[in-house]
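Chain lettering (A, B, C and D) follows the sequence in which the chains are written, and residue indices restart at 1 in each chain.
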Amino acid sequence: MKYLYFPGCSLKGTGKAYEESLLAVFGALGVELQELEDWNCCGATAYMSVDETKSYALAGRILALAERERLDVVAPCSACYLVLNKTQKSLQEHPELHRKVTGALQAAGLDYKGTVKVRHPLDVLMNDVGLDAIKQKITSPMAGHKFAPYYGCQIVRPYATFDDQHNPVTMDQILQASGAECVEYPHKTRCCGGSLTGTVPEVGLRLAYILIKEAKQRGAEAIVTVCPLCQFNLDGYQDAIAKKYERVDLPILYFTQILGLALGLPAADLGFKRGIISAEAVLAGR
Amino acid sequence: MAEQKEHQNGIPRIGFYICHCGSNIASIIDVEDVRKYVATLPGVVVSRDYKYMCSDPGQELIAQDIREHKLERLVVSACSPNLHEETFRNAAAKGGLNSFYFQMVNIREHASWVHEDKAAATRKAKDLARAAVYRVRFHQALEKRKVPVDPNVLVVGGGIAGIHAALTLANAGKKVTLVEREATIGGHMALFDKTFPTMDCAACILTPKMSAVKSHPNITLWTYSEVEKVEGYVGNYKVSVKRKPRYVNEDLCVGCMACIDACVFKEPKFPDKFNQGLGKRKPVYIDFPQATPKVVLIDPATCIQMKTGKCKKSCADACDRKAFDFNQQPELKEIQVGTIVLATGFKTYDAKRDALYGYGRYPGVFTALEIERLVNASGPTLGDVVLRDGRHPKAVGIIHCVGSRDEKTNKWCSRVCCMYSLKLAHLIKEHSGAEVYNFYIDMRTPGKGYEEFYDKLLAEGVHFIRGRVAEVTDWAMTPEEQGKLVLRVEDTLAGFVRRIPVDMVVLATGMEAQADAGEVRHKFNIGCGSEGFFQERHPKLAPVNTFTDGIFIAGACQGPRDIPDTVAQAGAAAAEALVLIDAGHVELEPNTAHVVEEECCGCKSCVPLCPYSAITLDEAKKKAVINEVLCKGCGTCVAACPSGSIRQNLFEDDEIFSEIEGVLAQ
Amino acid sequence: MSEQPSMAPVVAAPAVAFEPRIVAFFCNWCTYTAADLAGVSRLKYAPNVRVIRVMCSGRVDPQFVLEAFAKGADGVLLGGCHPGDCHYAEGNYKTLRRMRMLIRMLKELGIEDGRFRLEWISGAEGDKVKAVVNEMTAQVRALGPLDLPGKFKEWDREMEDLEQHVNASAPQQEEAHVR
Amino acid sequence: MPLEQKLKYEAERDVKFANWVTRETGGENLRHCIQCGVCSATCPLSLYMDYTPRRLINLAREGFKKEVLSSLTIWLCASCYACRVECPKKIQVTDIMYLLKRRAIQEGVYPRHFPIPVLAKEFGRMIFLFGRVNETLLVIDLFLRTNWFRFLGMTRLGMNLMRTGRMSFIPEQIKRKRELRKILAALDAEEQKESAL
């Protein structure tokens, strides 16, 4: 099993722990990831507010580069995953946009056909690797640990390609396969406010506080997420939350970190030291 | 206005008529221009335009011209032949011309209504008229075929639509077979407690009709049965019906229910489907006390005797009539009927599909049908409105349009939900005293006494919040919300978002076509719209007819509707069947195929093509023969015949080739 | 149209735009009814299609299609019930089989793909009639005129020229040969 | 308290603006809105907005351009797509927010001191320069351009990120920056051609 890997800016910056744990877990499961050569930023949500066509062209370059390799692309960052999927759909549905974007790409010697498949790590684990294969490789199950599975917005919205829009379950199933328990968490797909915390803190902090507090009340020892922006937002601003509301101190982890532990990988390889809120309780005894 | 000219040698004398249809045609197509143009075509001796060709004076004009100008062919440019072909054929006959010396041109549905460019539409009208003028020269004089109509009728579906249609037909003296899939007739109406807006009790008005069906000498009632196969054509259908085993002899059982008391299960243990799973039943059961026929049946999936063969069969022992038969087998019955009324009903939307409303996840969320059973005096709680844990709700939210008016699920308005939500709001308030909220997008109350009913509910103090609920959640933000289900909604009239805590949520689920509507329509060879409901022949003028003659539709199988509309439509379907029966025969289009014997080479390539097995090979002569009674006139064999020896009346090769030539000539 | 003041530059009068002529064969029960429904629903679509009604798409002889092209059609559209929905049980399956062969033959004759189209349109799909007609009109417009009658004439002329040429040159050759 | 004008005259409407929205990608379904409000109710940010998404859609549809473009609503949208998923009429609310944001920036009517449009522009500049985005530099830049005083309050977060090795002051760059700039230049040329028409 081999895929192209599109890390995106976050996984090289604030989301390093995601990259470290993802690569470790995929390696342990025998899935090869080949980093896309000379990839650029996908434009995320911000660039769309400035220039629509250019924003699609940025994503278009990534897709065109990927097409040359004839492999599915794995995009672990939710924003990248959405932008790449949205670009393909929009170009397909709007001929005029398609003309402009492919024209610009051709000016730089790139060819876009729209043939590449953009996948999420959860999708690959669930549908290509399979739960049974994962379960077989679990060596140190996470028994006794309780987590709140948090998917965030952009991996199931607006395009639910591999999971339900309102009640996604793939990560729940993977965490359960790791031996952990998932709390019933109503905010699974509620927005964390990540794109606003840096700019309008009073708004972003409230959204983050709601998510963390509810997870805590439902007995979770950590929130487990799939998105680097959510992780940064929920992990990085707990000091500010403490100042404004109350101290919450809940570790925010990536699902790949939990799965990595269950696969018996050393915590040091899984980026645990990168969490601002310490996850010692989760690591206890390992 | 008219052009007239002298007759040309060798070509039949053709009359051409173009209709204005008020302004429907004339506002887009320059009818005078077309009239003048057609007058120049070979053979055309009269060319006229007229305000309404289909009117009496319009038809009279044609008949008179035929006599006066000795017309030999007739072309009318007007609306769709599906609407008025018959009208003008009759006009031709009135003038003394064979009806089939006529060709119709559709310039309304196919031109003036669908084009905006006047010049292009007029060009199209000319092309189509020319094609008809070229074609009609080759028309032959034909006669319609007459076939007798069997007076017996099949009604499929025993809901209120089927019941009403069957009784109407039976009261008119016709023999009716009523086939129902479930163990009892009554359909959805039997589940309801009250009916809007009059609030009369559903059972009080339905059960007398159910018993009338059972006791009517002209009705044969087959419940727990399904139609397997339909063959034949209008007036002469052969139908196979499968009667599923009840494991109780229907003729012997008197419905005393002693067997149910005697069953080895002392307490009812299995989910009761009739009560939407809110109550329990035993393996031997009857859906409800007034079930018709009043005959018990056994559920083989839960009965110990059926599963293991090792039960002491106390039920059978308790039966003085010895009605039990654990070895009963399905039975296949064949009947002969002339007409069929389909009244197969609807199913309700599956509330689980809208995950955001939490049905199946939060026990406090109910479907409207479940509430119908809860408020029913003979339901599982005897009319007590309680939550699944036995508590009484203090606040109830009714969410409208669940599975309706939503591009993601069903686009249509289900028509009944506003009204039944009002009814349930009233009943819940009456039975429990709870605070009731209605969440609606638009209130749709078009019906006799419906708006007044809405007004009454407003006066009763039921809350009406205009907004589509975004979420049902147990996430509490305030102490009052603890332990409640919270509905988040924009009160669009007030202009802000509200959170409303309730104990019980009722989902007003919409109406959908039956899950197997697709299969059923194939069996009966009728059409479905994209929503899955059966397709009527014309949305306004033939609402109970289908494209297959002799098969009629009634009730919610054709689209969402309430009880009054359903009953009215059932009566209409029965009347349409009676029209055919009383006429005694039907006339069929003479568009059958026939073999020109001397040209047939006996290659047999046509024989397997015919879906009706109308073609055989005369072994002695080595020539194909077509049975005209069996032929339905599709023309597939005509197109396939390598020697060109098969011809189809009304669709001869000459006719179609000249139409092609005419449409393209300039 | 012609009364409108011309917006075009005065120098060159634009040539009359090409308007494709498309002949359609619609089955009575599904596609013809769908076209009626499009009318009743007042959907607007391109005025380039002329419909010939048949009871079943199974009646359509490939010769009808060829004849339409030969008589000057730029495109031919054939509409029937969806597979499994035929009013006559299975006429449309036979159509499908037959038309697959025809499509191969049209290719041989040099008639482009987009000029012949087979569509399943049920009686409820008025909007599909609109979409198909508009799409096909645009497609055929892009392909330009087919004009088989014109080509036939041209071919006839070429044949005549060739004949004349052959007749004119033959005696000389014979002479040369004799010499 | 100043009195707010609640009366609107027909002359205040800009019908062209509404038509423009329906022509943009994502705006096509604008007119199908039945004002059910599910977008506002599902929106986690509607409580901060001056107009709820439902009201904004209504204002845009009616052509109240000034109100729409100067509203805070469009800048508070976090692009979580909850509204778009719930909408019974498949209105692409998120994309409408995007296209309104772009128009507001174009027309220069966004609130100047408001950091979000500044961030959006800064983001674009960084992509043009490096091909990738460095979150650290982006944040610093942002605060310096809007309210540098706030930057001081964020030092704790910066320290934390440094401690955990998640902060870098050196921007990641792509190799073939010329290729990327060619693409962007081709689109600029296209736009010039269009506006010349």
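One rule holds for everything that comes next: a contact is a pair of C-beta atoms (placed from the backbone, for glycine too) under 8 Å apart; a residue touches a chain by one contact, two chains touch by 3 or more.
Since the structure is predicted, the reported quantities are computational estimates derived from the model, not experimental observations.
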Nearest-to-centre chain - CA centroid comparison: B
Of B-C and A-D, whichever chain pair has more C-beta contact pairs: A-D
Longest centre-to-centre distance from subunit C, chain (CA-based): A
Subunit B-subunit C separation of Cα centroids, rounded to whole Å: 37
Inter-centroid spacing, subunit D versus subunit C (mean Cα positions, whole Å): 50
Averaged-CA centre spacing for the pair subunit C and subunit A, given as whole angstrom: 53
Centre-of-Cα separation between subunit D and subunit A, whole angstrom: 22
Shared interface positions of subunit A, touching two or more other chains: 165
Chains that touch, pairwise: A-B, A-D, B-C, B-D
Complex contacts: residues of subunit A adjacent to subunit B: 164-167, 186-187, 214
Complex interface listing, subunit B residues touching subunit C: 80-82, 106, 108-111, 113-117, 119-121, 123-124, 127-128, 131, 522, 525, 527-530, 535, 539, 547-548, 591, 609, 611-612, 632-636, 638-640, 648, 651, 653, 656-657, 659-661, 663-666
Complex contact set, residues of subunit A against subunit D: 9-10, 12-17, 38-41, 43-54, 57-58, 60-61, 82, 90, 94, 97, 100, 103-105, 107-110, 153-154, 157-158, 165, 189-191, 193-196, 198-200, 203, 207, 236-237, 239-240, 273-276
Contact footprint of subunit B on subunit D as seen in their complex: 34-38, 40-42, 46-47, 52, 54-55, 86, 88-90
In the complex with subunit A, residue positions of subunit B that touch it: 355-356, 361, 473-475
